[in-house]
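If you scroll down you'll find the structure; I have some questions about it.
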Amino acid sequence: MLHPQKKDILVANAKNPKYSGVIPPVVTPRTAAGDIDVQGLKNVVEHLINGGVTGLFVLGSSGEVPYLTNAERELVVGTIREANAGRVALIVGANEQTTARVIEEGAKMIALGADALVVTTPYYALSNVAEVEEHFRAIHEALKIDIFAYDVPVRTHVKLAVSSAVKLAKEGVIVGVKDSSGDDVSFRQLLLATADIEGFSVFTGHEVVVDGALLGGAHGVVPGLGNVDPAGYRRLFDAAVAGDWATAAAEQNRLADVFEIVYTPDSSRVSGGAAGLGAFKTAMVAMGLFDSNAMSAPMEALNADEATAIKAILTRTGLL
Amino acid sequence: MLHPQKKDILVANAKNPKYSGVIPPVVTPRTAAGDIDVQGLKNVVEHLINGGVTGLFVLGSSGEVPYLTNAERELVVGTIREANAGRVALIVGANEQTTARVIEEGAKMIALGADALVVTTPYYALSNVAEVEEHFRAIHEALKIDIFAYDVPVRTHVKLAVSSAVKLAKEGVIVGVKDSSGDDVSFRQLLLATADIEGFSVFTGHEVVVDGALLGGAHGVVPGLGNVDPAGYRRLFDAAVAGDWATAAAEQNRLADVFEIVYTPDSSRVSGGAAGLGAFKTAMVAMGLFDSNAMSAPMEALNADEATAIKAILTRTGLL
Amino acid sequence: MLHPQKKDILVANAKNPKYSGVIPPVVTPRTAAGDIDVQGLKNVVEHLINGGVTGLFVLGSSGEVPYLTNAERELVVGTIREANAGRVALIVGANEQTTARVIEEGAKMIALGADALVVTTPYYALSNVAEVEEHFRAIHEALKIDIFAYDVPVRTHVKLAVSSAVKLAKEGVIVGVKDSSGDDVSFRQLLLATADIEGFSVFTGHEVVVDGALLGGAHGVVPGLGNVDPAGYRRLFDAAVAGDWATAAAEQNRLADVFEIVYTPDSSRVSGGAAGLGAFKTAMVAMGLFDSNAMSAPMEALNADEATAIKAILTRTGLL
Amino acid sequence: MLHPQKKDILVANAKNPKYSGVIPPVVTPRTAAGDIDVQGLKNVVEHLINGGVTGLFVLGSSGEVPYLTNAERELVVGTIREANAGRVALIVGANEQTTARVIEEGAKMIALGADALVVTTPYYALSNVAEVEEHFRAIHEALKIDIFAYDVPVRTHVKLAVSSAVKLAKEGVIVGVKDSSGDDVSFRQLLLATADIEGFSVFTGHEVVVDGALLGGAHGVVPGLGNVDPAGYRRLFDAAVAGDWATAAAEQNRLADVFEIVYTPDSSRVSGGAAGLGAFKTAMVAMGLFDSNAMSAPMEALNADEATAIKAILTRTGLL
């Protein structure tokens, strides 16, 4: 599997990371009837690659992975693989509660064309640090593929310890970390502790602090908002690589304003999970990428008022 | 499906609950090689029914459900169904992250012989109250079987609101709640608010406060420790039904002493998840029910020192 | 200091506890102008003693202790001491962040007439188990008075470990625990582990599970709702002492219905802290004990609609 | 009160903030006997001002404020005021649970020479957003002095909402926020939302992400580690002001390495609260600023092994 796009990327702070740049977690459009919108999904892939993304994170939280049936997961990965046609790296979530289940899920994803897997700490289970480390080791041993540890305690309720990540990185068990922990202190400590590990990548999953993350040495960003404005994140990344931090910060500030779309939904009606993803989808409908902002049941879609508020934000930030 | 055992149970506080009594969450023995120990599992079923249980909760947390592959889940349910041979009710966990996935899992469990399903709130997902309620409604609508809501915020990180449980009970969506929330205040409020709902059951999942729960009107208990001492829980339940609360409390105090086995593992080595289940399994090995206290990977089994400490507790509480 | 009332109390489950029975945390009425309502406070004391309480917990959370200035704290303790005139035990909160500050506060409270002090784990500080234990030891060493450990993690964000409580009890550092942890499992374990300690008391602070707590061996109850219905809690306690658990449970169920007053406030307007205390005060105004349901600033008082809803509950439960 | 140092500071991203630069939270040295080390404290002030700090944050968490008696608090503020002799701004914590108590404490601190106060959200109390906002308004109304809101949910267990901070800033109730929330997303959003408010300041309290915070527009930093290396933080700040972000990041990386001193204590012995402060004190003893690394009781001081590990870090980072 080639990653031709990576030839073009000079990473600001990194010892030759294997993966870098802008790798958005691809949303999963549904038709108003609730089915996967295959053509819409293809449009999204084209939109992202045209925007300059360097990889696609498939079956992430932004892709509503916990809501997809097994058949839907397969359809999504297959569709994205075909639409991508080898242009950028496919980093695919193997989302299951625990080790043996992740291994089965991961094997499926590899068969479907994943270049790398994204694996969380165990969830629903009540683990300790040693079990978390063994979890990653066993998965790597069984699947022998590039693995990103996905640190997302808001969902798993376990913070991946910096010490565990460093240990697993040095052992070659993981090739990177996707950090959605919201803990910028441990993020910087992870960057410093892994700076000398050849090929290792640290990605931030937080949309509005990418400039600071890159200044601190991050190698890439996995922004849900990148579905809406991939080119903005690519400009931000390129400015950082060029050492033009004032431009990076200005672009980040504009993207932080775009991110205000996630605060438009009425929180008494729409859940935290549905608000952000619903806003992304609603913005993408406004941008003509697909037809419906329907969410996986039982999440509710944003309504017309919320769509109007989102359009206003897209307009003021230059996206409409 | 008949529930012959229930003819014998006079429930102290209940409006004719459909399910009541002692319904332990069945542990899943593994061989030292890590396979499901089918004969051991049959022995456990016999041990439980001989102890007077009124139902079996299959594929619960105590059964290590998050760790079992799909094939293992099917093997466990099939084995228990055959060993039970219709003697007591089979209440089976349909453990998946969200609605559509639970529906698929639940359908499988029904095909395998479940009399009722146990369903948690969504997890990994970030839901709100309305989505939680819709989750249960959609599952009931799709599967049309008795459903217990399983309130286990230590794992799902969502507390099932009393108001939601009451609403779902009145709508006929759920036939009961299995409460492992550790919130005795909301437990009592749930009992009071559902006291007039014909056939509805509230079970406690907490091993050491069953007497108080029954005094407050609970209809049953789902004690992990019931794997070790089902007869003790049956005596406690029968004393409560008979209004002999001093005996119930004394039996509870003895069982609370048995429960000390879960505090024997070294917490610097064994995770919270593995300590309790490991202690149950280790005790059951000591009692001759199966051969190995192996846990699902990556959980570590209890060691010889811990087994010795557990045997001492079993001896002083009359179980060895 | 005599505790004459305790001669009358036969405790169901206890090895001669020094303190037992019903010890409500006394509310602090304010005038509409925001001052401490001294006459109202005297009325409350009379109401409580007439209701059969066996002690008064002064300067607890229900007394709005974190909101009182030092001068107000002194006024409250002095007023209650005078109104009580030695009839029941005065157990007074020494509420400060850390050890040295608690010692200073506690010395003041002793000078003002406290028979015993109530002390929380450190808060605002970030402590560990050893520091928590040293905290209690140092306070006891400095003040040489009966000390209750107050376990209220919803406020301190530290759970007092059962092992710490047992250790401090055996060392004679504490004479009891007031448990508002909402953890009924650790409550039972504390009861069992301290059952043989001469004179030691375990109190529950939870209004709706007192019957179960007493069945499990608790020696007393510190119910905020006891400000509204002290006689109800005394009847519940007496039934438990008499072994009449059906009556105890029935009284508890009635009190749980009274407790519904705390759910009448509009949670979009009234904070969690203000809802419960505001409901108690509003009920007590309805009962004629004082004139205003004003709260310490910035907490908002309940409004007329909420007062009407509360009166309806008081009427249906026989209190109006 | 003049702030002469601020004439020299060109802030990178700010609309003329009244306060900016490096404002460390001053540690409180104690003698081995446990008394406040007055001479040591004076040495610390001189060390900080020589290092280029632009203000002193007195009675912060790093100053062990929750552990100081009232007399000790007064001694600390008086000593620092005298040692400072008007050279830099004194921003003093008014640390109490709730509104009326903060007002009394704040009035004391103003009388002792505070230029501005630092006020947390209420703690121990159970507040809502409206109460938090009223809390700050009432304090400002009563004291009419510059107020910083201190957002430290790890201690108060309440996150100051961005919307509240913005509202209070626009009302003129607060002149700034000291953010120790660890939430870099809300930090950036606060910066963007207050960017146009004349004179308003946003400070980060996190030692290892200052470069990114400044790139995002922060006006200052309140680093506990600034007690150890004030000059390092001043260099970092000056590089940021000069737009030399590569230098800022390199200095930050060096300071992140210095910060490793807080991970040297044995966490099975030393609490989270004592580890960081104890490391700062131990480093400062090694640097000759005072004689003892004693902590406020019941916190334990770091031991000789830990001191040796800290010296090694200070040596490799150029501080010894």
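Should a chain be cited, it is by its letter among A, B, C and D, assigned in written order, with residues numbered from 1 in that chain.
Everything below uses one rule, namely that a contact is a pair of C-beta atoms (placed from the backbone, for glycine too) under 8 Å apart; a residue touches a chain by one contact, two chains touch by 3 or more.
Treat the numbers as computed from the prediction; the structure is a model and nothing was measured.
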Notebook entry, point to check: Farthest chain from subunit C, comparing Cα centres?
Noted result: A
Check: At what distance in angstrom does the C-alpha mean of subunit D lie from that of subunit A?
Finding: 35
Item checked: Between subunit B and subunit D, centroid-to-centroid distance (C-alpha), Å -> 50
Next item on the list: Mind pulling the residue numbers of subunit B that touch at least two other chains?
Entry: none
Next item on the list: Chain pairs that touch, all of them, please.
Entry: A-B, A-D, B-C, C-D
Notebook entry, point to check: Where on subunit A is subunit D touching in the complex?
Noted result: 182-185, 187-189, 192, 206-209, 211-213, 215-217, 243, 245-246, 248-249, 252-253, 256-257
Notebook entry, point to check: In the complex of these two chains, what residues of subunit C are touching subunit D?
Noted result: 66-70, 72, 95, 97-101, 104, 122-128, 130-131, 134-135, 138, 154-157, 269-274, 296-300
